[in-house]
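Which chain is which? They are A, B, C, D, E and F, in the order written, and residues in each are numbered from 1.
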Amino acid sequence: MHTPADALESPRFTGPRTFARLPLVADLEGVDCAVYGIPWDGSASFRAGSRFGPEAIRAASVLLRPYNAEQRTAVFGSLSVIDHGDAPTVPGYVEDTFERVAAFAGRIAQAGVVPLALGGDHSVTLPQLRALAAVHGPLGLVQLDAHSDLWDSFFGRPYSHGTVFRRAIDEGLVDPARCFQAGMRGTLYGPADVQQGHELGTEVARWAEIAPLAPAAFADRVRARVGTGPTFLTFDIDFFDPAFAPATGTPECGGPTSHHGLGLVRALTGIDFVGFDVVEVAPQYDGPGQVTSLLAATVAYELLTLLALRAV
Amino acid sequence: MHTPADALESPRFTGPRTFARLPLVADLEGVDCAVYGIPWDGSASFRAGSRFGPEAIRAASVLLRPYNAEQRTAVFGSLSVIDHGDAPTVPGYVEDTFERVAAFAGRIAQAGVVPLALGGDHSVTLPQLRALAAVHGPLGLVQLDAHSDLWDSFFGRPYSHGTVFRRAIDEGLVDPARCFQAGMRGTLYGPADVQQGHELGTEVARWAEIAPLAPAAFADRVRARVGTGPTFLTFDIDFFDPAFAPATGTPECGGPTSHHGLGLVRALTGIDFVGFDVVEVAPQYDGPGQVTSLLAATVAYELLTLLALRAV
Amino acid sequence: MHTPADALESPRFTGPRTFARLPLVADLEGVDCAVYGIPWDGSASFRAGSRFGPEAIRAASVLLRPYNAEQRTAVFGSLSVIDHGDAPTVPGYVEDTFERVAAFAGRIAQAGVVPLALGGDHSVTLPQLRALAAVHGPLGLVQLDAHSDLWDSFFGRPYSHGTVFRRAIDEGLVDPARCFQAGMRGTLYGPADVQQGHELGTEVARWAEIAPLAPAAFADRVRARVGTGPTFLTFDIDFFDPAFAPATGTPECGGPTSHHGLGLVRALTGIDFVGFDVVEVAPQYDGPGQVTSLLAATVAYELLTLLALRAV
Amino acid sequence: MHTPADALESPRFTGPRTFARLPLVADLEGVDCAVYGIPWDGSASFRAGSRFGPEAIRAASVLLRPYNAEQRTAVFGSLSVIDHGDAPTVPGYVEDTFERVAAFAGRIAQAGVVPLALGGDHSVTLPQLRALAAVHGPLGLVQLDAHSDLWDSFFGRPYSHGTVFRRAIDEGLVDPARCFQAGMRGTLYGPADVQQGHELGTEVARWAEIAPLAPAAFADRVRARVGTGPTFLTFDIDFFDPAFAPATGTPECGGPTSHHGLGLVRALTGIDFVGFDVVEVAPQYDGPGQVTSLLAATVAYELLTLLALRAV
Amino acid sequence: MHTPADALESPRFTGPRTFARLPLVADLEGVDCAVYGIPWDGSASFRAGSRFGPEAIRAASVLLRPYNAEQRTAVFGSLSVIDHGDAPTVPGYVEDTFERVAAFAGRIAQAGVVPLALGGDHSVTLPQLRALAAVHGPLGLVQLDAHSDLWDSFFGRPYSHGTVFRRAIDEGLVDPARCFQAGMRGTLYGPADVQQGHELGTEVARWAEIAPLAPAAFADRVRARVGTGPTFLTFDIDFFDPAFAPATGTPECGGPTSHHGLGLVRALTGIDFVGFDVVEVAPQYDGPGQVTSLLAATVAYELLTLLALRAV
Amino acid sequence: MHTPADALESPRFTGPRTFARLPLVADLEGVDCAVYGIPWDGSASFRAGSRFGPEAIRAASVLLRPYNAEQRTAVFGSLSVIDHGDAPTVPGYVEDTFERVAAFAGRIAQAGVVPLALGGDHSVTLPQLRALAAVHGPLGLVQLDAHSDLWDSFFGRPYSHGTVFRRAIDEGLVDPARCFQAGMRGTLYGPADVQQGHELGTEVARWAEIAPLAPAAFADRVRARVGTGPTFLTFDIDFFDPAFAPATGTPECGGPTSHHGLGLVRALTGIDFVGFDVVEVAPQYDGPGQVTSLLAATVAYELLTLLALRAV
C-alpha cells in the first residue's frame, strides 16, 4: 500500500513536492486512486496561469496528514494512493492536448484505478470524461462551480473552459438527467443563460438557492439527482468566494466561505464516484499565503475521503 | 444606447480598460448613467494610494456581463451607461480639487444623468454632494461604511476622509433626518464618537446591529429613513471585512462577507437614487488576485442594477 | 498613566512603531499591562518567519484607537499599558531562548503586571507559562487554535510548536482540569490524536463543535471549565480561516471568520486572566494588505479589553 | 496631430490608460504611428500571462513625457501617434488568432501608418510580419532577444513563441541575409541550436559577443546587416537581465542592464523601420514596482524616437 | 555617546524598529547627528505612499553594523547618532506640514546637530532647507536624483515634489552657483526643461554625462562646484535604476546600479555637509525583498560616514 | 546515464519539480553528480525561510536545458546527474540536523559521487565539509559570498550561518592556506572583522578588490590559492547585489550583477572540485518573478558545467 512519506522521519518541507508527500509512481498495480496533474490553461477566457496549478496544489498539499478527523476516517493507510505525475499537453493546441490527456486518464481508468486530476483550466474535464465514459458509459455529474460552463461555443470554436459540459452532453459522456450543477452566481449575458441547463436537461442550482441549505439537505438533493450509477465530481475552485480562492481564472464575488463549502463536500457520501478533479487554480494570482492552493489541496483530500468512506 | 464591447468579438482582456468595457464617451446626450473616476487620495489619514482606485476598479470590471441573474434584470442594454473618464484633480491641494470635481459632477447632474463615481478617498463624496444638492436640493443618504466619517476636523483642518459627512450636514447638502449610516465598527476615540450621529440627527447603525438583520429587514429600515426623496448612496469598500477588501485605507476587522454585503445592497430597491459612489480602494494593498477591486466593481454593478430596476 | 501618542498631534503613520503607539517603556512601575514581543520561530514545523511577527503586529496596531465601542469600554486611559520591547532570543538554540524569555516574562509577572506577548511561534508560550506559574501556581488555560499542540515529541525532541501544551502539563504549569482548548480542525495522524486531550485531562473542543455555539454559550462553557483561578489565554492566529489569517505557520482551511472569532473572544468576560499571548503570525506570508497582522493586533486589543472590563 | 493628454490639465494617474495617454483612435487618417496591443499568450512554452502585457505596458506608459532628452528629439508633437486599441484574438486557437491579427496589422500597414505592437508572446510577431511583408515585400529584421526563436517545431506543431523566425524565413517574410538577431544567451538543447542561424542564413550574435561592444559599434554591425531596405524591429523584453525584466515568459540570467540595453536601442538610427513590437511582458510576474512594464514602455518610446528622428 | 543596540545581546530582528537600532531620543544634547523621518507624500505627482518611507527604511536599517569597511571608518562609536522620531505632518495640507517640519528641523539645526531626514516625497526638502538656511545662510546643494525638480509650478500651485529646488532658489535658501544636480534622465516636456538649470544658475549634469566618470572625477566636479561653504546633500532614491529601487514615486529606467551609485556617494569626502536627506521611498512598490528600503538605509549610512570622516 | 525529462515529450511545466527535471533517484550507482537539498534555516541571524530554498530552486531549474552554450559543453548527457532528494533535518535542533546532513552527504561522497547541495542557510556547509573531509582530507575552499562567515560565536554559541568557516578551520576540515573567500562587502562590527581572515590564514578578497578584475585574472588568483588538491566551492546567493538576488537572509547592497558574477564562476575551470553548494535562498523574499531562485539554479548549472568540463 502506498502511503505518504513519514513526517516524523523528515519534516514536511523536505524533498520534491508530490501530492500529500505520496510516492511518485508510474505503476498502477494495487493502487486505489491516482492523483495526477493536467497542466493546461490554453482554454481560459480571462486569466491564464493554471498550467502551474498542479505544482502549486502539490506544494500546499504537503500539509495534509493521513487522518480526516471531521469524517473520522483514515484516508492514507486505508486507500493506496499515488502521485502519478502529470498528463502531457501541447501548449497552444487544444485538440492534441485533449487526445493526450484522454489517453493518460484512460490508462488509469482501464486499470480500475480512480483518477483524481488537478487542473488546469476547466476544459481539462472533457478529456477525462471521454476516458471515463469509455470505461463506465455515460456518467452522472456533480459540479461545484460558480459557472455552469454550458455555453455552446466561444468565438465560433467548440473548446473553451466555458463550453465543457455542453460538449460532454453533446458527446453523450454524461447523462443530463444525472447531472447536478451547483454554486452558479455572478453576471451573465442574458436570461437565456439561466435557462441553458433546463433546456439541456441538467439541473443547475444557483448559489442563492444552495446557500440556505444545510449540508445534509444539499447532499440529499445531489444523491436524488445522480442516483446510484457511476458519477464524476468536478470541483472548480471558483466555487468559493474570491477571499478564499483569489487565484482563479474568472472569480465571482459573493460565494461560500471555506467552512461552508467544505461542509457541503463532506456531506456527499454514498455516491459511486469513479473520478474527480479540482480545477482552475492559477497560482500567480495567490498571495504569499497561497490560500487558494491550500484550499484546493484540502478539497482534493475531502474527495479522497469520500472514496475512503466507500472503501471501508 | 451605449453598451459594453461584445465579448464574443474580442476577449474580455482586450483593449484599454474602461468600466465594464463600456465606451469612453464625453457626450452626455441620451445617457442614463455616467461612470467616472475621482483619482484623489490627498485626504486619507492612514494609507494613501486610492488615486489608483479608478484604474484598478476598471481593470477588474471587465469581468462584468450585461445581465444580473440575482436580480433578474438586464443592466447594460436596459440602461445606457458610459465611462465618462476621470474628474481632474490637483495633487496636494484639496480645495482646488474639490472645485474641479464639483464642476465635473455638476455637468453630469445638470444633464439629467445619474453619476456613479469611483474613488478616491472618501473625501471625494463632498464635492459630489455639492454638485448634486445644487440640482436636487438636500439629499437623503445611504452610507455603507466601517466609519461614520462625522469627525469635526482633523488637525484643525476641515477636509479629510474622516470629516466628510459632518461637512455635508454643515453645508446643508444632506438632510440628517434622511441619512442612514450602516456598518460602523472598530475602535474609536471615546464614547462621544458613538453619539456623534445622534447629536447631528443622522442614524448610525453599527455593524453589530445590522449583522443579524435579513436583507429585507435591513432595506425596510433604510427605506423608512430615507423616504421617497432624492438620495445618494455612498459605499466605502471598508464596509467589508479586510479578508474581502484588504486594499483600503483604514481597514477594520470583523465586518461582513461579500455574500452578506452584496445581499444587503441588492435589497435596496425602490429608493430614488440620484447618485452613487464606491470609494477607498487603494489597490497597492491588494494581492495579485485583486479581490478588493473586483468586489468594488461588483458593488458598482449592483448599484447600476438598482437604477435599472427603477428604470424598467 | 501610559497612553498612546495622540493621533491629533501626529498622524498614525508617524514615528517608530510601538504597539498601538504606546510609549516604549522599560520601567514597570504603575503599569497594568506590558505588551512585548517574542521574536522566535526556531520551533516551527513548516513555515518559519514568525520572528518578524512582533514587528508586523506593531505596524498594524497603530490603527487601534483607545475606546472599544463593541464592549463600551475605554481600554487606553482606563488601563496603563506600555510597549515593553522584545524578549531576547538566541537564534537556533531553543533552550537558551526559553531561559531568556522566561526571565523576561518573569520580571513582568513578579512586578504584578499582566504580560501580553506577541509571538513568535507557539513554542514561546512555554517559557511564559513557566514564568507565570512560578508566580501564580498552576494556571487555567484558554486556547484558541486550529491545533491542540499536545504531541509528545517531534523527531525525538521535546520542544516544538506542536508539543507546547504537553510540556506545560508535564511540568505542572497548567492544570488540565482547568484547560479549555477550542477550534481544532484539519487533518491529523490518526484517531489517537483526537483522544490526546481526553487522556491528558484537558478539554479539546474541535471547531466543528464550537461553530454552532452562540458567543455567550461558548463563553459559558469556557468559564465552567477554567473557573475562578488565575488563567492564561493563548491565541494562535491560525484559529481563523486562512482567508482571514493567511500569514501563519501551519494554516488549516475551514475555520471561523473574523467576525465570528472576535465575537467569541469578546464574550470571555469574567475570567481571571493573568497573562495573554497572540502567536504564529509569520508576516512574510501576508499580502500587502497585511490582514493577518491587523487581525492579530485587533485580537490583542480585545484581550486588553477583557482586562479593562475587570479593572473597572 | 494626435498628442498625449496634457499632464498640466489632469495628473498622469487620470483616466483610462492608453499608451502614453495618447487618444484612443480608430481612424488612421493623418497618423504616423499606431500603437496597439496583441493580447495573446497561447503559444508560450513556460509562463503564460502576456495576454495582460498590453494592459500593463499602457499602465506604466503614462509616465512617458513628449520629449526624449537623451536623443534631443520631440517624439509626441513631432509624430502623430495614436493608441489604436487591441487586435482581436481567439483564446486557444492560434491560427484563428493569427488571421485576425494579420488583418488588423494589415489595415494599419496599408494605410501607410507604422505599427508598433505590444505583445503578447513572441508568436504574435508572425502575423505582423505577414501583414507587413504583404505591403513591403521581404523585410530586414532586427531582433533583440535572449532566444533566437528559430526552432523548427514544438511537439510536432508549427506555431510557438520559439519557432516564430523559422516560420518567417520559411514563409519568405524576412530576408535572412538582412536579419540580425542579438542578445542570445542561456542554456540550449545542444550545439546544433547555436548553428541554426548560420544554416538559415541569418546572423545570430550571442550576448557574450555583443556585451563588449560600444553602442555605436553595435549599431554599425546592425546597419551593415540590414541595409537600407524596409526593416522590422522586434524587442523581446527577456533581452534584459531578469533583475530588470522579471515579468517575462522564459527569463535567462546574465543579460544587460537597462542602461546598457537602452543605449543599444538609441544607437539604431538611420534604419528604415516599417514596424516594431515589444513582446513577452507577463505582468503577473512583476513585483509591485512593475519595473518590467515600465522598461517595456520605455523601449517602445525609444522605438518611436527612432521613427521621429527619421521623420525630422 | 549614543550607539546602536548590541546585536550580540539581542538579535537584529528584536524590538521596535529605530534607524540602525539607535536609541529613540528626544534630547539633542551631545548628539552629532539626528536621524528622523518626514512621513509626507501629499506632493507626489504620480505614486503616493512615501509617508511609509521612514517606517520601511528603519525596518531595513537594522541590518547596518557600526563599521564602514569600504571607508575604513567607524560610524557608530565615532559619531553620537540618535533616532529622533518623526516630524509631525498634517495630511492633505502642505503649508501646515511645511511649517511643522521646518520647526522640527530647525530645533535640530539650532542645537548644532546635523539632521539626516528620511522622506517622504521630495517636497519635504524645502522645509528642511528653510530651517537650515536660517542657521547657516544660503547653502550649497548636492542633489543625486533622476529629476531636477526645477519646474515652476504644478497646476498653478507652488508646492510639489517637482518644484522644490525652484522654490529653494526663489527663496534664497540655496546658492545656485553652489548647486550640483546629478543623475537626471528620462523623458521631459521639451527642450526648455533641459535649459532650466542653466537659466537658474545651477549645474545640472544628466546621467548620460555622469555615467562615464570615475567616482573620484565625479567628486572633483562636485567639490569644485559646492566649494567649502555649508552644503546640503539630498538623495532621491530614484537616482538608482528601477531594478535597484523599484519602490519610488516616479521611476526612470536606465539609471545606475547600486555598486556604481554607492561608489559615487563614497567619493564625496571633504565637503562641509550641514544636513542630509534620503527621499521618495514608497515601500508599497517594493517586492518582499525590500531592496529599495535596504538601499536607502545603506545610502543614509554612507552619508553618516561622510560626516564621520570629517569628524575624525 | 541519468538525464532530464525530454521537453519535447512534456512541457517544462509538467510534473513534480526535480532539479532540472532530472530523475529523483536514490541509487548512486553510475552517478557522476547528485544534486540534493538541505532544507534548514535554523541558524540564520536575520531572515528565516531558506528551508524552502531547495523547493524554490528546483521550481526555477526546470528552465535549464542540457547544453551550456557559453562554455560550449553539454552538461546533461555528458555527466550522469540525479536529483537525490533532501537531507533530513530536525527543526530547531542544529546538532541533530548536522549529524543527519553529514551522514546523508557522507553516503554520497563515499560512493565517489560529487555532491551539489541546495541550501538552506550557510550553516549547512559545515556538515557537508565534515562528510567530504572524511573522504578527501582537508579541503581547499572557494567561497563566493558577501560575508566571510568567520565569526567565532554568536550569543556564546558555536553554530550559526556566520561562524561556519571558523568552525571548518577549527575542525581542520579546510586548509586555510588553500581557502579563497571573495565578494565580502557591507558593514561590519569593527576593523578586527576585516583582519579575521588574515589571522586565520585564509585569503579574504572584498568585493571592492574583485570588482575591477577580469574573470580570467580572478580565476588565476583563485587557482593560485587553492592549487591542485580537492576543493569545495560554496556559493552564497547574497554574493550578488540584492537587485539580482533579493530573496536571501542578509542582503548587502552594492554587489555584482548576474552577468558579472556568472562570468567569474565560468572562469573557474581546472580546479579539482569535489563538492559544491548554493545556499541562502529564502524564497519568501522573492517577487513573483522568482529571480533569486532562477539565478541560484543557473549558478548550480554553471557549477555542474565546471564538473563536466573536467570530465571531458
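Convention: a contact is a pair of C-beta atoms (placed from the backbone, for glycine too) under 8 Å apart; a residue touches a chain by one contact, two chains touch by 3 or more.
Please read these numbers as outputs of a predicted model, since none were measured by experiment.
Novice: Just to be sure I understand the contacts, which chains border both chain F and chain C?
Specialist: A, E
Novice: With centres defined as the mean C-alpha position, give me the chain A-chain D separation in Å.
Specialist: Computed value for the inter-centroid distance: 39 Å.
Novice: What is the distance in Å between the mean C-alpha positions of chain A and chain E?
Specialist: About 55 Å, centre to centre.
Novice: Residues of chain E touching 2+ other chains?
Specialist: In chain E, residues 11, 13, 45, 51-52, 90-91, 154-155, 241, 243, 257, 284-285, 287-288 touch at least two other chains, as defined above.
Novice: With chains as vertices joined when they touch, what's the shape: line, ring, star, complete or other?
Specialist: Contact map by chain: other.
Novice: Just spell out which pairs of chains touch, all of them.
Specialist: Result of the pairwise touch check is A-B, A-C, A-D, A-F, B-C, B-D, B-E, C-E, C-F, D-E, D-F, E-F.
Novice: Can you check the complex and tell me which residues of chain D touch chain A?
Specialist: Touching chain A from chain D are residues 41-45, 47-49, 51-52, 90-94, 96, 123, 154-155, 157, 159-160, 284-285.
Novice: Under the touch definition given earlier, write down the residues of chain E that touch chain D in their complex.
Specialist: 45-46, 154-155, 184-191, 193-194, 206, 208, 211, 241-243, 246-248, 250-251, 253-257, 284-287, 292
Novice: Okay, in this complex, where on chain E does chain C touch?
Specialist: Listed in rising order, the residues are 9-11, 13-18, 24, 37, 39, 51-52, 55, 58-59, 83, 85-86, 88-91, 284, 288.
Novice: Please name which positions on chain A make contact with chain C in the complex.
Specialist: 7-8, 11-13, 63-70, 72, 74, 241, 243-244, 257-259, 262-263, 287-291, 294-295, 298, 301
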